[in-house]
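Letters A, B, C and D mark the chains as written, and numbering starts fresh at 1 in each.
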Amino acid sequence: MSIPDACPQKQITWREWLTTDTPASRRQARLSVWYHSWLAFRSNLMAMFGLTILLALVLIGLFAPILAPQDPFAQDLAARLSAPGVNGYMFGSDSLGRDILSRLIYGSRITLYIVSLVALMAPVAGLFVGTAAGYLGGWVDVVLMRITDIFLAFPRLVLALAFVSALGAGIENAVLAIVLTAWPPYARIARAETLTIRNADFIHAIKLQGAGTLRVITRHIWPLCISSLVVRVTLDMAGIILVAAGLGFLGLGAQPPSPEWGAMISDGRRFILDHWWVATMPGLAIFIVSLAFNLLGDGLRDVLDPKKSSQ
Amino acid sequence: MSNLLEVQNLSVKFPTRNGIFEAVRNISFSLGRERLGIVGESGSGKSLTGRAILRLIKKPGILEADHITLEGTNLLQISKKAMRRVRGHKISMIMQDPKFSLNPVMRIGDQISEAYRLHARASKKDARKKTLDMLEKVLIRDPERVFRSYPHEMSGGMGQRIMIAMMLIPDPKILIADEPTSALDVTVQKEVLEIMDDLVRERGMGLIFISHDLNVVSAFCDRVLILYAGRIVETCRADRLHEAKHPYTIGLLNSIPRLEQPVEHLQVLQRDTAWNLEPSVSGVVADGETPS
Amino acid sequence: MATDNTLHKKRRKRSLPLWVKGISNTVFTVAITMVGLLFVTFIIGRVMPIDPVLSIVGESASRATYDAAYQELGLDKPLFLQFFLFLWDIAHGDFGESLLTARPVGQDLIRVFPATLELATVGTIIGVLLGVPLGVIAAVKRGSWIDHVARVVALIGYSMPVFWIGLIGLLIFYGILGWIGGPGRLDIFYVDTIPSVTGMILIDSLLAGDIEIFKNAISHIVLPAGLLAYYSLAYISRMTRSFMLEQLDQEYIITARVKGLPESTVIWRHALGNVKVPLVTVIALSYAGLLEGSVLTETIFAWPGIGSYITTALLSADMNAVLGGTVVVGLVFVCLNIFSDLLYKYFDPRAK
Amino acid sequence: MTEKTETGIELDQVNIWFGEDEQRVDAVINAGFAVPPGGSFGLVGESGSGKSTILRAITGLAPTWSGNISVLGNRLGEKRDKEFYRAVQMVFQDPYASLHPRQTVDHVLSEALHLHGFDNPDKRIAQILDDVGLKQSFRFRWPHQLSGGQRQRVAIARALIIEPSILLLDEPTSALDVSVQAEILNLLKRLQSERDLTYLMVSHDLAVVSHMCSEIGVMNQGEIVEMLDVAALRALEASHPYTKQLLDASVQKRRE
């Protein structure tokens, strides 16, 4: 087991440096783990496909003004309900003569907005509640889990409906409603994970080094919960998109004339028999993005969570 | 002494990212009506050898051999269906921990009688009677109660007796015991080993006893194969283990602390990379010949 | 032998039999969950921007009428007393009156719930019948083409917006091909022609011996139930596959093979026998999911169930109806949870 | 020093139990023994005998106990302070479970130093790696890049880097192959004499315990049924029937 410590750096390629079994610094150790995960992830074609779509979505959202051929709100009643390709509308136009493609492009911003808000709030809340309940145990666990169970007992969409109807329709309220119903599963996962980790010897060991509760939770338990949460969040994003679109479809999410995809489907519903494209295009957009999240989540699970890679 | 089983050039390989890993490398041995010990450290390939005989190497593992002959039939050439007749009926296996090797949601009686009903084509009633008999043979005091119980209600020692009963009920010719007592407490180990030993002798079976524990093997077997890195480095009579010649075997023996022979420092095994290149020693004993 | 915590001496003062404790524990848990659920619903009802008094007495009512109604509704009482009154009413099945139908919400719910139940049940049955075998086969033949197909089928199921695919389905199978009945539970001239016994038309028509109506009902339910079944299948098959893979890795599977059992017995009796324990929970969850998913599905298919009821009420600000519907769906969720817990205990000898 | 440090660890009439009231299960009953500073005491018994539970009670990991436990002359209360953890460290049974899977060797060792405010981490880490017989190149490795024996060396390094005077050993070699076991036992013996450590070791293996310890307590069903010194054990001079049974099982399996 001779170690090429003394080897001059330039003789080793980046790849070798990253894949070494004998990292020589903290940075190299960390980077090499990331690199190995990336290698594993890269070999998963479907996951790469999902990642590509999502990156494209982000780019489309960022550069919407440049990419969109027309103003998403500009109406042209003379050219209303044009079929795809007709009158220069690549994906056709809707009942007010607005360009569906441009609306889809701008709609990606709304989708990204909802997804990032939910992804920032729900898992974090779940992680806090779950690890606290799991690690502290006792009455803290009982109280927190009872609350979690209550929220878990609510049907997500129905509660979101009731909530939105109480606070008024709109994206922010829809997001709030989704977050309110989305955190309990994360709390459950984080708690379950914590319970298995809590009694692991490496946690006992760090306690015996004199580490306090907060340190144990944040430095030792969180890093282990986070990977399974990331997987779950990615997979859930597909569902979140569907719920948000569902709220939009029912007229409780983003309000017209906002180009929210669910609302666009709702708009096209009236013309489904004669003008199929009005509802079909946004539906496809939702489907593709949601599929991308699922593919990515599936791939991430293989990398981050090899135990459960089977699901 | 006639050979029940002959294994020629057995290899078990696993494809990995860095090429093929050979976990068992070209080993040959035979088994008569004897108790054959296979000893080695973790990763030496001893368990895989046991499973390979039953053709139970999971994908993507690859099993290769010139032949594995049981009473004149090459097990590698028979159909999957015929192989199932061999399993349980001719060759059985006991695994390490009854906590995992018994089906947790099935009643013990059903698990034991299942194999008997299959191989003996017995009626439910006969199978039940036979099962209760068998439970009694492994010295279980209240067979009726155990018959109705679930595995989680049993202690480790009881669980392993149940495994023995389950594996011996179809009256196989060969029993492979893969670390049968390493999950048990020392005082229970002895009981379980004795029960197994008695039954194996009584039936004139061949026993392959796989273990990491040189003491147990030397006390309990007739002949020993010592495995290192997938190969047999030495074979000898169990009662002559202390006369072993290979530095690996000697090193292994000397690294064990002994109650009666205190030493200040234990000897540490110095591994030699040359061992990895040596050819595997044959563990075959020709028909009619007594092992030296 | 990992730890030394195997407990050997049990000193037990038995006061109550264990099962009595178990049941009283369950009842307590359920009660707490229910009250919490009702509390959240109550709060939602309270923070509504809609003035419940105005919606009863009308915009032009005098101050005195308004105050009278205000007191009648108990709004002058402290919040927590109001909550208890709310609980009291619900315990008596009183959800107030619906603005839209001008009938007690309780009666409305009893009328619409069977339609939802019928849809979700048919969906779940199909989902389980197809999803479990698909999951098992995908796990057994891991990495084969059938595993990939099952994976793609499930991923598509996870990703498809139900309201959109429902529309497309209606467009193709009803609008273009005409193979199935359109929206609603029956063709319009069959509606209310058979006596309602269970409220589920498939059963009622058979009870009445009317095959014609039964067939018509089938032609209407096939698409929405098929869609729900697809979602349920996606979820159940994935979970089954994952549980199966976990079980197939266990030592007792090797034991079963060593015994010489045929592969079919190893898989369907030994492995699936263990999988059915967690699968119960998954199926219950999936069933609950379908009941919830009915909100969107029913809107598309004009299915007169609890989902349509809630959305219609929502759009016309009929709060009593919305809250009543929410509570009932919540109740069903809780009941499903308990039921799956009980089944779990029944299937798993270790849980007793 | 003073009288205070006359004992390393002392237990007197210690009871340990899990659960309360009807659910109460007594894991250790009336245990008592003393280990002098620099001494080594072994507890031997089978699974469920309560031997590991005693270690857990000393470290504060088993919450419900009664009686007296004192370490270096200080009686322990409900809570353990930093000073206690400075003085008492533990090595666990399974090296695959006792290292955090997402932390490098360096991380594990630096954190221990950080928690107790040690200076000069680089030098100390280099030194301890040397002491436990690991090459410097192991410093930035992840647990999955180490073998079982190497992991156990890291666990020992983690325990010793904060320079405790007492080491609790919970079956430190039972998850290892015999040849690796010999290496680890030798290492522990060397470190004990170099650093004048007090050992309290728990094992199911009589031979291992008698190799390591001078005084041995035999546990059965939560009770210490017999205490004897290693010479008596080696001479098979046990008086309690359970000890005899244990000795019999340990010796007989290699005779026949």
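Basically, a contact is a pair of C-beta atoms (placed from the backbone, for glycine too) under 8 Å apart; a residue touches a chain by one contact, two chains touch by 3 or more.
Nothing here was measured: the structure is a model prediction, and the numbers come from that model.
Chemist: Can you give me the shortest step count from chain A to chain B, moving only between touching chains?
Modeler: Contact-graph shortest path, chain A to chain B, evaluates to 2.
Chemist: If you average the CA coordinates per chain, which chain's centre is most distant from that of chain A?
Modeler: B
Chemist: Can you figure out the chain closest to the middle, judged by Cα centres?
Modeler: Per-chain C-alpha centroids compared to the overall one single out A.
Chemist: Roughly how far is chain C from chain D, going centre to centre by Cα mean, in whole Å?
Modeler: Distance between chain centres, rounded to whole Å: 53 Å.
Chemist: Averaging over Cα atoms per chain, report the distance between chain A and chain D in Å.
Modeler: 46
Chemist: Where the centres are mean C-alpha positions, what is the separation of chain A from chain C, in Å?
Modeler: Using C-alpha averages as centres, the distance is 25 Å.
Chemist: Return the residues of chain B touching two or more other chains; collapse runs of consecutive numbers into ranges.
Modeler: 185, in rising order.
Chemist: Check each residue of chain D and list the ones that touch at least two other chains.
Modeler: 47, 93-94, 204
Chemist: Could you list the positions in chain A whose residues touch two or more of the other chains?
Modeler: Not one residue in chain A touches at least two other chains.
Chemist: Spell out the residues on chain A that touch chain C in their complex, using ranges where they run on.
Modeler: Against chain C, chain A makes touches at 146-147, 149-151, 153-159, 161-163, 165-168, 235, 238-239, 242, 245-246, 249-252, 262, 265, 269, 272-273, 276, 279-280, 282-283, 286-287, 290-291, 293-295, 298, 308, 310-311.
Chemist: In their shared complex, at which residues does chain B touch chain D?
Modeler: 41-42, 185-190, 193, 212, 214-216, 218-220, 251-252, 255-260, 262-269
Chemist: Which chain A residues qualify as touching chain D in the complex?
Modeler: 1, 3, 5, 21-26, 28-29, 33, 200-202, 204-211, 219-220, 223-224
Chemist: So in the complex, which bits of chain B are touching chain C?
Modeler: Checking each residue of chain B against chain C gives 51, 54, 56, 84-89, 92-93, 95-97, 100-106, 114-115, 118-119, 150, 152, 163, 166-167, 170, 183, 185.
Chemist: Show which residues of chain C lie in contact with chain A when the two form their complex.
Modeler: 29, 32-33, 36-37, 40-41, 44-45, 47-49, 139, 151, 155-156, 158-165, 167-168, 170-171, 175, 238-239, 241-242, 245-246, 288, 291-293, 295-296, 299, 310-311, 314-315, 317, 319, 322-323, 325-326, 329-330, 333-334, 337
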